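Pasting in a structure now, in structure tokens, and then I'll have a few things to ask.
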Amino acid sequence: MRLSFQEELDRLEAHLQEEADLVLRSLRGALKALETQDAELADEVIAFDDEVDDRYLAIGQGIEQLLARQTPVAIDLRLVLAVLHINLGLERCADLCVTISKLTKLSADLPQDEALLEAFEEMGSRAEEMTRVAMRSFAERDLAGAESLVVLDELIDRANRRVVERILDLGPNPELREWGLRMIVVSRCLERIGDHAVDIGEQTAYLVTGEFREFTDASRPDQHH
Amino acid sequence: MSVIPGNLSPASRRSLWIGRVFQGFLWLSLAIGFVMLGALLVQVFKEGYKWVDAVLFFEPPSTDPLIAGAEPAILATIYLGILLLLFTVPLGVGTAIYLEEYANRERWYNRLLEVNIQNLAAVPSIVYGILGLAFLVRGIGLGRVLLAGAMILTLLVLPTVIIAAREAIRAVPGTIRDGAYALGATKWQVVWRQVLPAATPGIATGSILALSRGLGETAPLLLVGALTYVAFNPTVLGEFTALPVQIYQWIARPQEEFRTLAASAIIVLLGILLTLNAFAIWLRNRYERRW
Amino acid sequence: MSVKMTDVSVNLAEREQRLPPKEFREVVFDVKDLGVSYNGNPALQGVSLEVYRNFVTAFIGPSGCGKSTFIRCFNHMNDLIPGAKVEGKILYHGEDLYGAHVDPVEVRKRIGMVFQKPNPFPKSIYDNVAFGPRVLGMDDALDDRVEKALTQAALWDEVKGRLKASALSLSGGQQQRLCIARCLAVEPEVILMDEPASALDPIATTRIEDLMHELKREYTIVVVTHNMQQAARVADMTAFFSVTRAGEGERVGLLVEYDSTTKIFTQPSDKRTEDYVTGRFG
């Protein structure tokens, strides 16, 4: 029953997963460009953001049409609203990748710190993994998988704090210090991508349980699930 | 008078009693009708049941009541019935179809037709007899024959059949017609394949009731020439008598036995009519449509 | 049904709805300035629109706006109402439906209709579906025709064991699908539906809507509905009708807006349309 409606929902979700794939490609490209100081690759990543924006708009229209024409309720409504939130989050992730690439280009001629670059590779991989886990948990409606993201996010947060400490210890070289300042933003971007992945997990929990709650509350840092 | 919640017994005893009196009055009306009818029937049966036998059915009338029978009259009544059906059903149904499906109500001649049919149903039967005498027996020279009797009875009951057929056709919902038209049926196909089949039970019931009325008529038959003494079996174009006429003739005789004979003939006539009516009611109940 | 993604001027709503762009659509009905009056009183005026092949086109609007009157123009059903007069033109594949030599019976062979209240004939299920082919002289392989029609109407599995049973023994939803099968048996090109689900419960309604979705692959469907959510769900194009006051103050229906369904329900061009779909009308 209501086959065409079900098809439309499935199509919407499929588009969302495609958008997520694009975001992951963007992230991988930005990390590589950062690691190898590849300005051309950085430019490609920046240009690639247009594709993600196209998807973002298309999914937005799809949501609008679905709500107007099919009046979804209950789990269908939660699905559409979850797609709405995740769509927003993915677009922001893509923008964060653009920021990383822009910073890569700006700091092309500056000296680098190997240890920090390694740390970024690790943080980046973690952010990638979190995004994959989040999208897979969403597709499979896996509540446990979604909740596991909190633990992974904690690791990125710690890495972020270590990066900041390291940057403070970079020494007196003004060019190195400039590089360090820019890299703080890069670190922040990666940490934000991790946060967005947690948001996706929260949307999965909302979809499954009908309850919208934050996994961790800043005012109650000890609360873990 | 305010309403007290919780007190559900009747508010006024007066309206209760008025209700009871009214109901009693209705019962009384029913009783009067039934009692009178019942008394008539009981009397007829008491008088005549002994002589409802083979003699009655298979012997011609005679001046001797002991060997008199009503065979010619019974046969004539049966022939009249068959002819009546053959004539009234096509004519009546045809007219009804025309009026319901084809006629434009705005036209003056159709309106005239409508009014006339209603009026004709109320004309006294003797007038039909005079009509038959003037136009059929004398006018076109048919003579005083069974066919003339059948034709005049047709005219008598035709308005009833038309009205019954119209009701049956009208009872077929317009949605059935719409559905048939929408499939590409022509008007003729809609009427023949949907409306008529659906209206058939009503038409059949109405026709049978009209038939039973026609078979009980005496006056028009007398005027058209039903002889009061017929000792031979009737033919369509021959002279004839009918059961009601035969009864009338026997009652007029002075001998006591003829009254008894009349009573037994009445029982036969009643038997025929009640059977027809019961059949009509059975038909109606069996095939009644709930739209 | 390929959509040209590079054509920027194409209505965004139509793109999202995956409708073929206008050049790829085949026009089945071209209505030009149509008006209907009953005994001199205008009921509908000045309607112009195109109905496309293999589309579901819905007519919505408040009661009295003439949408039922309008749909009945397509198959000459207004001819059955004394005093009804149709002005203007409806071109069916280029031919004027109200031209001088047009036979309503021929029109109805190609343009079938399903009514608001299911109206099965008081006959068996088989005879209901077979009626159309029989009266139109299509009575070869009648059994196959009946089976095909009932299958297309998603009713075959439920009735195949009792084709001789009375049609009136079916439930309301089944009766309506029987009426659809009856219509399909004569192999029309267009199916008109005048509020086909308004007398049915929600589950039966959903089945009819799914059926419309299936049938539009082979047929062109025009549906009148007073339930605008239904139009939102099933229709590719939606026409919104409303009432206005004519010269002497009498109510007359008119076409307000006709566009892709997504456009009507997300961003209607006319305020009256928006008032109606948001439920603020009247």
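Each chain gets a letter, A, B and C, in the order it is written, and its residues are counted from 1.
As a convention for this text, a contact is a pair of C-beta atoms (placed from the backbone, for glycine too) under 8 Å apart; a residue touches a chain by one contact, two chains touch by 3 or more.
This one's a predicted model, so the numbers in the text were calculated from it and none came from an experiment.
Within the contact network of the assembly, the step distance from chain A to chain B comes to 2.
Distances from each chain's CA mean to the overall CA mean are smallest for chain C. Farthest from chain B in terms of Cα centroid separation is A. Note on chain placement: the centre of chain A and the centre of chain B lie 92 Å apart, centres being C-alpha means.
Mean C-alpha positions place chain B and chain C at a centre distance of 49 Å. Annotation for chain B: no residues touch two or more other chains. For chain C, residues touching at least two other chains: there are none. On chain C, the positions that touch chain A within their shared complex are 12-13, 16-17, 203, 206-207, 209-210, 213, 229, 232-233, 261-262, 265-266. Of all the residues in chain C, the ones that touch chain B in their complex are 75, 77, 80, 82, 105-106, 108-109, 112-113, 115, 117, 119-123, 131-132, 135-136, 179, 182-183, 186.
Chain contact summary for the complex, chain A toward chain C: residues 1-5, 58, 61-62, 64-65, 68-71.
Those residues of chain B that touch chain C in the shared complex are 104, 173, 175-186, 189, 193-194, 197-198, 289.
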